[in-house]
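Below are structures written as structure tokens.
Common to both upcoming complexes is chain A, partnered first by chain B, then by chain C.
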Partner chain A sequence: MKLNQLAFRNIFRRKRRTLITASSVAFGVLLSVTFTGTGDYTYTHMIDAGAKMGMGHVTVEPVGYQNSPTLNKKLQHIDKMLDEIRNLDNVSDAVPRIMGQAMFASANKSIGGVFIAVNPNIENAKNNLFIQSLSEGKLFSANSKHGIVVGYKLAHKLRLKLGKKLVYTTTDASGEIISRIARVKGMFKTGVDTIDASMVLLPLAATQQALGYSSNQASLIAVLIHDQRKADDMRDKIASLHSTQNYEELSWHEAQPDLAGVIAMDKSMNYISQFLVGLIIAAGILNTMLMSVLERKHEFGMMMAVGLSPQALFKLVMVESFWLALLGLTLGIVITAPWFYFLYYHGIDLSSGFGDDFTYGGVLIDPLFKARLFPESIVFILGSVFSLAMLAGAYPAWKAGRTPPIESLKTI
Partner chain B sequence: MNSSPIVRLEHVQKTYIQGKIEVHAINDVSLDIQAGDFAALCGPSGSGKTSLLNLIGGLDVPSAGKVWVDGVDLASLSRSELSEVRKNRIGFVFQAYNLIPVMTAYENAAFVLDLQDVEEKEKHQRVMDTLKAVGLQGLEQRRPDEMSGGQQQRVAIARAIVTRPAIVLADEPTANVDSETAKSLLNMMANLNKQQGITFLFSTHDQHVMDKARRIIQVHDGRIESDSAKSDSAVS
Partner chain C sequence: MRFYWILLGMMITTSAWAGDTRTSNILSEVDDLWRGKSSHAIATLNIQTQHYSRSMKLESWSKGKEKSLTKVLSPLREKGTMTLKSGNHIYTYLPKTDRTIRLSSGMMMSSWMGSHLTNDDLLKESRLEDDFDARISFEGERHGQDIIEFTLLPKEDAAVVWGKIVLEVEAKRHLPIKEVFYDEDMQVSRTFTFTGLKKLAGKIRPSVLHIAPADKPNEYTEFIFQELTLNIPISDSFFNKSALKRHQR
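Coming up: the complex of A and B.
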């Protein structure tokens, strides 16, 4: 009989104990999948929402725009850039935008805020969170001269309603102050109070004209990609394009460091939680394997007496840990699969507890507690649970191999 | 008698420290065991019989003196090398059978052959022959908990002799079985000794073993008091 066969039989000597230990490994898989899966889903949701709010997953912008976003900094020949970028794999959309600060005034009040000029022909609910969040009215048309869509809180502060006029004042490309009249075509409600109270959308063509931009100029190009994890790769690809050579490219975490910081901190907390869960599982396996080694000390002494080497005994106990870990992982997959299926397709609605407009890191969080797992997360979970189990088995295995047979034979 | 002994002990001492007291378990023992011996180390409990077996089996190291087994100086070997010696040159039979409970009689008997990586066909032949020799034909697939004490000890003897070791060290092999079974086991080992030339060294204070042994080595307080061979007619 080979050692792995013997090890396999050994783990079923104490069926109940094996089942309890395997269950703790399985429970660890369940917790780890829940933590990681909801993390993967939430972070992706936050990053995608942040990207759709203005800067994209990757931003192409004039050099220095990130630190000093003034309207005299412009991208030239955006049509050529857009063509090249849209031809890259993994790009779902690339849209030109002009962003700037302005003073918005109604008959009653003046409030400072931010405008984003967008092209309604290429921006829609899929790539623009404000359009997705339209709560009243509709988006202006591409050739609209005076259309504006405002955040509902800003509208409330300025006492604006659909069809009402407002005046916005800003500086143009040459630094001159300009004022334009606009009429409210729609209102959006993202759920993020600071956004809803300070942002507006303007038609790109009219804004280009008002600011002294040509139709081939913009503040930035927001690039949206299918898989946010590849933002850095995409940034590098875009940076190597001929048309972007004189500009700066930033991935979402460079363009939105606050959001990146919040996610990084949350991920760290998530890893700590998982580490603690892992420790509990490892302690369970360590306990089981130690008990199993201690109660077979005499038997191990006999096996070494008849010729089993210390290395082979170490291997035997490690193989037992391997089988135990494999059993636990299999059980874990069996109990986790339906739970993950439920979280992936249905989720748990937390809106009654958090409300519909719970924000974190400046972006709206989906009140549905859902999960998704990236392939590397699956490998990470299975790999780390398995490694922990093996690591926990290493000490008992080492202890078994180190004990002289004469000592082991003396134990009853 | 062979001039080159299977086992040679030269001025062997073994001292244990128990708390602050030195216990001299073995005191200056010199001894040769020849190939084909059917010898018994006899003496009261605590006389040093098992300590001597442990030293000969490479399970323990002497505090002084030398132990050779089949020409190999055990003191010069590492733990792994000692394992090799035990695996290839020594067979062990313990008082409490010490079979592996999750293995069948066949698998227990084949355990050391597996460690030796003996080819499957040869292993099967040797195990079946040995189990037949110890009277366990037909019980190959039984697990230890499905066998009597005597049957389990037969499996242990099969495990010890199946590798054709230079010597079988048997520590009180009849202590846990009734007298009829003890007689039967001893007859079987005596036959194996005669027919296959396997060398046996027992530690015992069982009269049946002493009656059957052809050489009696009396041990007392860690010293050999007497070492006497019996004529064939004196062996019962």
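Coming up: the complex of A and C.
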């Protein structure tokens, strides 16, 4: 049977209606791409920013460090672990860090905060958000004894300028209170107020010495990977390494549960709004398809009278839906491509609406409204819009198959 | 009380002053004047801040430079609260909860008993000689008094927030007059003034220490000495952490 040919002719008989139906499908693609694309972009951005703020996508740390991060818990033989981890596929970087709490004091004031001791030879703007957001000065060198990089708000509170000194006091590995002097080498401005007001970077080697650590000890290893979605796989892979046996491995979900919670909530909100948009679009398609079926009642009656089976009619309308959906998708891709291109490369600047605080859930977000799509997201969008269109065509098709021939012929 | 000595110690600090002998001799002499082998004292602590003013009576004991114990005698609400300094650590004992707390690094920079001194000030006192280089920066008449002025500059690696400390001492009796702490920009950060000369433990000494933070002109902390006995017999175990509860009685 020439259902395809018939369906085609039917579609193009009413060009305007076809266009309207196809446009609503296309519009669905556009909205779906916008929602999913910004989601994909924003979450990746947030997760990567979170990872670069200290813990990485995957963290190797001493058992129990997550719940009580004290300086007497430390990793041994970090060189071996770093070697093994860096050799894994998909790992973009692995860096040792010491994180701890300290009091920072100048002659004017003292403030409690957090220090991250980093090795400047292997830390850079790519794996460390603080280095990326240096606003004044520069990072200390690897053998620096007194270098420190502080958040600009902390510096402001302590009335520090570049080159000025501050004293930090903390508890070393054996529980003794130690004080050391440091001179401000640089300042960073991440845009997260709480971080800018409480965080400092210290040179790893000097910190190891001050805390009584050997050069092969640290509090954690932050592992950064190319694709944040593979964090859980990577965690399991790292956990199965020989050198990490006595330690705990956490993915960013576990190391930063607040961030994971924020993203999960935002994602479900996104899904709900996508679902609602989908419903409206489906209603639109249903409407036009139903109209086209009811309009052709007479015609269907005639076809049945000359011997077309109800199944064949059902199929006919479904095939029409199929081609309509396909047309709609094509149109959708055509109109979405430039929009997506714009969002991907330029984005919309929302910074005026944010004020100065570009944070959400304690993590930096990009004030640009940008989009990116994972391959599976594209498949998901096209697949769901297509099946939505087909689903919306099902009822009219069923209706068409049930056309009573005699009655239909009576009405003109 | 002991903290008075500690503060005095900050400027007058003893023994191992590097540099020329005259400087170290005078500083040691002044220090010896204040710090016996051990001490017992009763003093009043007055604190005036923007938000509150309070007055406390304190009793304190000390032995050497590293050990001291301070106990609140009044007001009743805080009676029995003790601060123990032993070597590198400071402990606080609260009678209400019957608990001894070792101050963590995070508490070192917080105020001691609501005054303008921090716990860290108490702890660092005895290490001043390691942290600073002293020299005589002025000698002669100032404000109608013959004085010697010492300038203490922090050593390069020393964990000290100050830019410098300037100490004025009476030229004849070597009694402290004023001690000024400067920040790194050489702006005054706080000033200690020593007044109320009176006979204590057999010698003339200032009995009032006035501490004024530079950025809060209406605030101060004041120690006023009532009694002082030097070189009393006292055992090391008196300053044990476990002895805190015993002293409570």
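Brief remarks on what is shown
Criterion: the second predicted complex is superposed on the first by the 396 of 412 C-alpha atoms of A that agree within 3 Å, B and C clash if a C-alpha of one lies under 4 Å from a C-alpha of the other, contacts with A are read in each partner's own complex, and residues count from 1 in each chain.
The criterion applied here is as follows: a residue touches a chain if its C-beta (ideal position, glycine included) is under 8 Å from a C-beta of that chain, and two chains touch if they have at least 3 such contacts.
Predicted model, so just to flag it, every value in this text is computed and none were measured.
Of the two partner chains placed around the shared chain by superposition, chain C is the only one that A:Thr169 touches, whereas chain B remains out of contact. Within the superposed three-chain model, A:Arg180 lies in touch with chain C and out of touch with chain B [touch as defined at top]. By the touch criterion stated above, A:Lys2 is placed in contact with chain B alone, chain C being left untouched. Within the superposed three-chain model, A:Pro310 lies in touch with chain B and out of touch with chain C [touch as defined at top].
In the superposition on chain A, contact of A:Ser110 is made with chain C only, not with chain B.
When the two structures are aligned on the shared chain, A:Lys126 is found in touch with neither chain B nor chain C. Touch criterion met: A:Ala102 reaches chain C, while chain B stays clear of it. Shared interface residues of chain A (contacting chain B in one complex, chain C in the other): none.
Residues 101-103, 105-108, 110, 112, 145-146, 159, 164-167, 169-171, 176-181 of chain A are the ones that touch chain C when the two sit in their complex. Residue ranges of chain A in contact with chain B, taken from their complex: 1-2, 6, 9-10, 12-13, 298-299, 302-312, 404-406, 409. The touching residues of chain B, counted against chain A in their complex, run 54, 57, 59-60, 79-80, 83-84, 86-88, 91-92, 94, 98, 100-103, 107, 110-112, 114-116, 159-160.
Residues of chain C touching chain A in their complex: 88-89, 104-106, 108-110, 118, 120, 123-124, 157-163, 181-184, 189, 215.
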